[in-house]
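Presented sequentially are two complexes of subunit A, the first with subunit B as partner and the second with subunit C.
== the complex of A and B ==
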């Protein structure tokens, strides 16, 4: 694989989609306000949970805020890359323009998962980092090298898992064409990533760690932040992320075999 | 004579839209599933005994969230997204020539979707009762009728608000981002994630003046048999409809004057 070529192509992707998105400047502003309000809303909801209780599932309010920060970053990444590209995939398949993508001398998964970008998601990512640095202060976390590496590893794994989940659903578009509602289901499930896993009942906890590994996405990185995480959990997350990434790749290649274009 | 004509038009529209919606049964089923967030919230509330502090028993709280789910199912509105797509594709032009306001078409679409959704919502409720048999109850017919009316009024309020936002398409073309912005207070303040009773006093002091608690909290409390002011709630719902309807008519009249056809 020619890394330099892919980097060069990605630069072009960035350039073209930023240029087209920046045409709607007020839209970006509205999206920013939406992201801020949504963060305020979730902190408000958390404060309702904590108004008469010191702990939820063993987490203090200040600690639960870390989860919110990580969730906001991941949600920003979803809005920047996964969501706009999924829209494109659906369009490609419905209109049959996936043919053109497949004919290009470039990896099709790379092309369809990174083609588009939505700049308003950046602001949400920044908002998340802002909240996280605030949490680091109020929780008095020491910024050591091992902490930084571990949190980098776990958050990257979360991004990989999240990407694979989105890409799985995008891939099913090849058979079902309309996948908007499946995405809505995923989104509503992801919503529980805003809360510590331990605050749910045992059966839901099992469901969200084995069947849809949402638990891994926010809870494990937050535990790393608090220095509570055991090594086996981090290793498990790395394994889950690798398996998910590889399966999503296999699944895409498998799905392409049943792709039968659309008449124009 | 005139009312008969209108009746026939609406009836025909409904019939067309219903057969249209029946084609998308799977999508609607998935959409029904995506509304289960209230059940996750219920799980957090009861699993951490948060309800003790607001004096609602486990059973009453589970009924509340079940009703919140149910009310939400029948008051989901997406007219902005339909209208935005139609207006970008230039489909609005032929609708404008027809001797009926195009919003009747969307209205019929929503009603037809609700009829299609009904059996799926019942299935989800059935499963809920299997897992929580102690929360089974049968509301008396008077309450049932009143809650159906107030759910419909809640749907009307949301439909009017979204129609007003949709009319902004005449000016900005991307009205859906404004709708996403408005959705955030709806999500957090309507009582979908936490009953309004549990809100801190500094919010409760003004929230009943906004339309939000009448969207889900009021109908859900009514249906589940929790304490609520029936006549006050219904009259506030009607008041909001009377406030929003003239606004919609005005913005519609202004917008159609601004309208420039798009598409081919």
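== the complex of A and C ==
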């Protein structure tokens, strides 16, 4: 793979999608306001849960805010990259414009996963980091190199898991043509990631750890923040992320063999 | 000797197609127990195309023309058979193969809708690994050939269909491909835009010796661009050869309107053994076989007092239309 070429293409992707989005100023403004209101609403909801009981699943409100911060960052990444690109796969397949992607001398997964960005998602990412830095202060977390490294690893793994799950569902469009509902279900599960895993019953914990690994996405990075994480859990997250990423890649290549293109 | 750039042997393609009966009952049945059947849309076809050739694929809707093009450019896996395009197996979609080909579809677009076409051109240039200077040079050259200038800087959504199609062509040709697959490129364009597009394709073919495979329902596209046609009927090739030969075979007779100086001459001509279509006063329309047209006309001009004559070529759309309807044409 020619890295220089891919960086050059990605620069162009950034440029063209930013230029496209900036054509509609009001839409961007509405998106930005929605992101701020959504975060305020989420924190308000969380505070209601903690109003009568100081702890949920062994987590204090200040600690649970860390999960909210990580969720906000991941949701921002979802809105910046995954949503505009991966939902487009369905459109590409239904309308047959995937043909143009497949005939370009560039990796098709790279193209369809990164071609567009939604700049308003950046605000959510920034708000997430702002909330996390606030949590670091109120929870008196010591910012050591190992803490930063582990945080970076676990958050990166969370992004990989989330991307793989979404990409996997979108890929099934090649056979099923319409998969909007499955993506909506995934988004709903992601909302669950705003709460500590321990606050759910045992069967749900198993479900969200093994079947749909939402637990890995927010809880493990949050545990790293609070110094509660165990090494095996971090390793397990790295393994899960690698397996998911590789499987989604293989699945895409396999699915393309069944691609029949839309009729003209 | 000109080499084959496309080789197709015993190519077949089957699709699983589901069918649904009408009404609510049919819909419920279709939802729970979908009945699919395998449909062979391409049936054991073989052909070769030489470098620099322009070949038209003719056929009714659903005959399999687009499926053939999509297999040639590697979008669809063949069920059986062998395809070699520019020395590559297309469905492997190797980088060097993809740099050699392009697909243009009249009904689908790759340009970024909200931005001027120039942005899509530079994006494509980076995908094809062209530097900025080279991209600029190619855009200038192609835009001159396509006669577009200001349109390059207007958002795609505000361009007319003709301007958009020209921009689509430029985006698809920026990497200077050797093989062009064109699927109904003039669809929906007005007569002038169609003519300009054909003019450009001929010029591009002449200047670069690119091979062009074209499907179109506009006969003018075929007659202006293609010397050779491949007729596809229900997934099989019914004719592969020169277009003029096909037309002669399909329409062996020409109609000639003869205006005689007097009605007497017209009556004499009527009784001279020619096949008469109709006669109105001194004007008479006769049918003459293509292979005897010269001798027959010589005979008429020498023996009758003729004021004027017109040779009517039957409209090509009508001739090809006949071919598309009749399934058992024997060439």
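Assume the second predicted complex is superposed on the first by the 264 of 264 C-alpha atoms of A that agree within 3 Å, B and C clash if a C-alpha of one lies under 4 Å from a C-alpha of the other, contacts with A are read in each partner's own complex, and residues count from 1 in each chain.
We adopt the following convention: a contact is a pair of C-beta atoms (placed from the backbone, for glycine too) under 8 Å apart; a residue touches a chain by one contact, two chains touch by 3 or more.
A quick note: this is a predicted structure, and the numbers were derived from the prediction, not measured.
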Fit or clash for subunit B plus subunit C once both are placed on subunit A? fit
For A:38, decide between first (touching subunit B), second (touching subunit C), both and neither. first
Output check: A:9 vs subunit B and subunit C. Expected answer is one of first, second, both, neither. What do you get? second
What is the contact status of A:207 with respect to subunit B (first) and subunit C (second): first, second, both, or neither? neither
One more residue to check, A:134. First (subunit B), second (subunit C), both or neither? neither
Just checking: does A:49 make contact with subunit B only, subunit C only, both, or neither of them? Give me first, second, both or neither. first
Going by the contact rule set out at the top, does A:199 touch subunit B (first), subunit C (second), both, or neither? first
After superposition on the shared chain, which partner residues are touched by A:97: those of subunit B (first), subunit C (second), both, or neither? second
Just how close are subunit B and subunit C at their nearest CA atoms in the overlay, in Å? 6
Overlap of the subunit B and subunit C footprints on subunit A, residue-wise? 24
If we count contacts the way the header does, which residues on subunit B are in touch with subunit A in the complex? 24, 26-28, 30-31, 33-37, 40, 43-44, 47-50, 52-53, 172, 174, 177-178, 180-181, 184-185, 187-188, 193-194, 198-200, 203
Contact residues on subunit A for subunit C in the complex? 2, 5, 8-9, 11-13, 15-16, 19-20, 23-24, 95-97, 99-100, 102-106, 257, 259-261, 263-264
Subunit C residues touching subunit A - in the complex, by the definition given at the top: 15, 66, 70, 73-77, 93, 95-96, 98-99, 101-103, 105, 107-110, 112-115, 119-120, 122-124, 126-129, 155, 183-184
Residue ranges of subunit A touching subunit B (in the complex, touch as defined): 24, 26-27, 30-31, 33-34, 37-38, 41-42, 44-45, 47-49, 51-53, 56-57, 178, 180-182, 184-185, 187-188, 191-192, 195, 199-201, 204
